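Next up: the structures, one after another.
The two complexes that follow have chain A in common; it is paired with chain B in the first and with chain C in the second.
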Partner chain A sequence: MATTTVTFSLRSSDLIPSQVLSMTTSKRLYKAGSALDGVNQMDMGRVEVPTDDYGGGAAKAYDLIDATALAVNKSNYIYIANLTTTESNYVVVSCKDHVIGRLYAGDFMWLPCNFDAATNDIDVQAFVGTATLEYAVFHEGKTLTETDA
Partner chain B sequence: MATLTPTLTLSSTDATSDPLGFTVTDSLTVGAPTVSLSRVDVLHTGSGTEIITAAASNPHTYFYAKNIDSTNYIICRTAGGTEWGRLAPGEFMLMAVAATVGIEFLAVNATCEVEYAYWSKP
Partner chain C sequence: MATTTATIAISSSDLMSGQIVSLSKSNTLKQAASKTGVESTTGLAMKTLESASKVDLITYANDDISGNAAKLYVKNTGSSTDQYVQVLVNSEEFARLYGGDFMFIPYTGGSGEDIEVQPSTSAKVTLEYIAFY
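Coming up: the complex of A and B.
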């Protein structure tokens, strides 16, 4: 098992000037149902998400993180950041073909996702312009794809 | 308008051969409606507890939540009931909630206390 820690903080001095916001929280990433056994697998990378289906027409949603049978009801901690610098460009994030979030330029998410079926992928769709996404998945299960013949 | 600075750090010395250590931060311009750090008892019956409604007039919302309960997990769903995540005891999330989607929590086994806050993108 690996020991992976996520720490998150929120700061603001002008949301409520008389009550400065300053909070930090931290958590180790564990396998589902465990408080001892850390998640031991990780995928991390960058992708470019086109708005024109690679020149083939209207924009589509693409699988960013593929939910597989071995990931069902297991821990899947997901980080997604939109590295695009053009403020008007955004990415819609979906699960089970339902929109759950939207990332504008520079924004990021940290989600403890649960795939309750192997088809519950995390999909992304870029709008306005091609988006560069950075992502990471810390998980404990994944069904590998058999090599092509 | 106000500025909110979220920072996420991921670290590990043994997840891979190369120690993991990266930090991402953002500077968010936020406005009303906002809800400062609050706590709510999330129900484990029915459809649970709705935190953000799915109203068509809702703005894009930055949403933070942490499961304070020491035993039970909560299910994270859209206000329409589509499950997409689970928060184990002590776990937290930062979400950029698309307008009209909403947030709903359902506790498993027993009522769970959850800390949350949200801010709107102007």
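Coming up: the complex of A and C.
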């Protein structure tokens, strides 16, 4: 059983007048419904997301995290960071055609996701310029879905 | 200009054979397409749920979260491994928080794109949340 821990903090000394913001939380990553059995698999990578579908047309959304391969109703802890440095460039992150939000240059997100349906992939769509994303998924079971042609 | 910083660190010494996992990133939260930091927040809030009904956590039309670069933090402060809270946008689940789980996401919002939460059981559960924009 692997032990994987995420720690997250938010800090600001001047966003709220008279109140320093200082929050920290930590969580060990478990399989769904368990407090003993940690997630035991991970995928990690770096990808480029084009804005113009390689010159072939309008910007498209691409599957970054495939729900089918990672299995429905299992733990999937998703980390995505936009490594782009141009502040006007952004990536729209969506799930099942619903926009979650925009990751501008330097932004990151953390999403515990159990995929309630195999079609609920996490999609990304770059705007303004090609985006470089770094991502990692900590999960409990990946099933290969494509056979050798 | 306020400076608000989010930091994440993910670590494991035994998830991968022969490779320690140590991933970290820190980011100053900025306004859309800008070097200027976020200047508004909902403030840290808590919502306790005692039914398995779906309710709004963030109602886009009422909560005045705007700017296209908002960030949202939500934590399930419980400890249950049986009960979870679904997080939905426009009734579509995109996150599931078991006890102790948290999420930190960008939030764009829009008409009808509210952030909703729905516990899996009627047992009492408390969510902690804050948005920056």
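As a convention for this text, the second predicted complex is superposed on the first by the 144 of 149 C-alpha atoms of A that agree within 3 Å, B and C clash if a C-alpha of one lies under 4 Å from a C-alpha of the other, contacts with A are read in each partner's own complex, and residues count from 1 in each chain.
Everything below uses one rule, namely that a residue touches a chain if its C-beta (ideal position, glycine included) is under 8 Å from a C-beta of that chain, and two chains touch if they have at least 3 such contacts.
The model shown is predicted, which means the values in this text are computed figures rather than measured ones.
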item: Clash or fit (per the criteria above) of chain B with chain C on chain A; value: clash
item: Partner chain in contact with A:88 - chain B first, chain C second, else both or neither; value: second
item: Touching partner for A:135 - first (chain B), second (chain C), both, neither; value: neither
item: Chain A residues contacted in one complex by chain B, in the other by chain C; value: 2-16, 21, 23, 25, 27, 30, 32, 35, 40, 42, 79, 81, 92-93, 95-96, 98-104, 106-114, 116, 120, 136, 138
item: Contact footprint of chain C on chain A as seen in their complex; value: 2-16, 21, 23, 25, 27, 30, 32-35, 38-42, 44, 79, 81, 87-88, 90, 92-93, 95-96, 98-104, 106-114, 116, 120, 136, 138
item: Interface residues, chain C side, partner chain A - complex; value: 2-16, 21, 23, 25, 27-28, 30, 32-35, 37-39, 41, 43-44, 68-73, 75, 81-82, 84, 86, 89-90, 92-98, 100-108, 110, 113, 130, 132
item: Residue ranges of chain A in contact with chain B within the complex; value: 2-16, 19, 21, 23, 25, 27, 30, 32, 35, 40, 42, 75, 79, 81, 92-93, 95-96, 98-104, 106-114, 116, 120, 134, 136, 138
item: Of chain B, residues touching chain A in the complex; value: 2-16, 20, 24, 26-28, 30, 34, 36-37, 60, 62, 64, 66, 75-76, 78, 80, 82-99, 101, 117, 119, 121
